[in-house]
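Labels run A, B, C and D following the written order; every chain starts at residue 1.
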Amino acid sequence: MVDAPEIAVSRWFNTNEPLTLSALRGRPVLLHAFQMLCPGCVGHGTPQTQRAFELFKQSDLQVIGLHTVFEHHEAMTPVSLEAFIHEYRLSFPIGVDEAGEGTPIPVTMQRYGMQGTPTSILIGRDGSVVHHGFGQQSDMALGAIIAAELAGHR
Amino acid sequence: MVDAPEIAVSRWFNTNEPLTLSALRGRPVLLHAFQMLCPGCVGHGTPQTQRAFELFKQSDLQVIGLHTVFEHHEAMTPVSLEAFIHEYRLSFPIGVDEAGEGTPIPVTMQRYGMQGTPTSILIGRDGSVVHHGFGQQSDMALGAIIAAELAGHR
Amino acid sequence: MVDAPEIAVSRWFNTNEPLTLSALRGRPVLLHAFQMLCPGCVGHGTPQTQRAFELFKQSDLQVIGLHTVFEHHEAMTPVSLEAFIHEYRLSFPIGVDEAGEGTPIPVTMQRYGMQGTPTSILIGRDGSVVHHGFGQQSDMALGAIIAAELAGHR
Amino acid sequence: MVDAPEIAVSRWFNTNEPLTLSALRGRPVLLHAFQMLCPGCVGHGTPQTQRAFELFKQSDLQVIGLHTVFEHHEAMTPVSLEAFIHEYRLSFPIGVDEAGEGTPIPVTMQRYGMQGTPTSILIGRDGSVVHHGFGQQSDMALGAIIAAELAGHR
């Protein structure tokens, strides 16, 4: 079992305080990595994350969006992201993944070895990566994985 | 906490042996009540149940379909149901709810006080009704409810 | 250019008088062949036909549904079809294709050489087959084909 | 009958030469006004326009996309639009509506009195506005309107 790497965020939306995995230890975390111009994110992964945010509102699940821009950097600046979040009525906390040095891949994306977007990662109460899913996942499977972790069961 | 009433089935499809809740005690049971000519069942509830059957195949969840005909009885006979099951590639066990005496409402439907179709009911390991949902439910919520019960957690 | 064969119908729904192509000569006819237990019909072709019926209501297009049962005959009787039409709120005229002799394929289906269901056929004002489409067709293409015929243009 | 106002475009994508309605006189033109961060455009209107572009490729219909940014101007620059066009595989010509002076509403949007995005306008062979549709329109209706104009019939 490997500990989930810490996230590196240069700017936050939808939260007054920065979030860190270390401070969230003990709570499950759904980490949704997306790009605002990725059709598979906009059409499926990101609204799915919003649904999870709403469904599990009464639980202690923490949902975090992560804008992991690895291409078209000039096209997906925080200014554009802010309008995207507003227009798509996203209400969960969203962080901008810290730019990588000498690479187009941002820092958190590298740390997790993500293959692309959308990627949804579930981090358990114990801080380990419980699930790492790249691409389209079914709502039913995601709901089940989160509920099992909330129940303290894998 | 009330015990889930036993099901009353006059004919089975997709199973060699009749199923009873009493024999299934100790395992969670997803009971999906539908009618083959109910648009909300055909378009949403019944394929959702098939997805649940496939997603939780490795668990000890038992999925049971129940054809609870309460209108157009002549139109939805077992002969028609059999073709429906074949054409829609449904592979979970499906029972025909026993005809009611002096009422169009079949026996199991009465026992559970179902309001219509589709209805999806989750029965817990302890034999109690954990969830009773009439109408359209989201895949994510259903996946979560089942997973929580499988984890022994409510 | 071949004349569209006459339809052979043993029973009508949603019309007080039997319809014949010969009597409709001069008007375009959209002929939608379906089976009530064919998933591709129920999920796509038949609601699409209902949409066409509503969209072109002000025109002289005649929409005709044809229940071309070629399998599971006992499962898709007129009694079942009547409930299907009611439950799915279909309001265009629907005829039951006449049973074939010594073959499971009904008469009109044979005459048109249909390969299966759903099939949508457009018959022009001059009585010829303008379009013969088997399987799923896009709404945009169907709307365009009908409109072109209504405009007297191919 | 009123002539369709000329379009004012500050930058083109997917075309080597600027397009003008005056040069297109004699051909029908489908003008699709959108914003890259408008959910109703991204989810419905813009892919619908792409489908129309493909369906009517053999005809003399000219499809033109118009990026009519009237809010979040900093978020939807041509740099962002270019990545959007690439990621969403849009292949029809797209122009950036010229910025308005002293108003957030761009020039062409003003000239046509558009109420918002998405808006789809069909301009006839004679240069008049045949159809002006704001919001979601059905594929079937749009296909029919275009085909009727192509047939020289209203």
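Note that a contact is a pair of C-beta atoms (placed from the backbone, for glycine too) under 8 Å apart; a residue touches a chain by one contact, two chains touch by 3 or more.
Values in this document were obtained by computation on a predicted structure and should not be read as measured data.
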Chain of greatest Cα-centre distance to chain B: D
Whole-Å gap separating chain A and chain D, where each centre is the average of the chain's CA atoms: 35
Interchain centroid distance [CA atoms averaged], chain A/chain C, Å: 49
Residues within chain A bordering two or more other chains: none
Chain contact topology (line, ring, star, complete or other): ring
Contact footprint of chain D on chain A as seen in their complex: 37-39, 42-43, 72, 74-76, 79-80, 82-84, 86-88
For the chain C and chain D complex, residues of the former touching the latter: 48, 51-52, 55-56, 138-148, 150-153
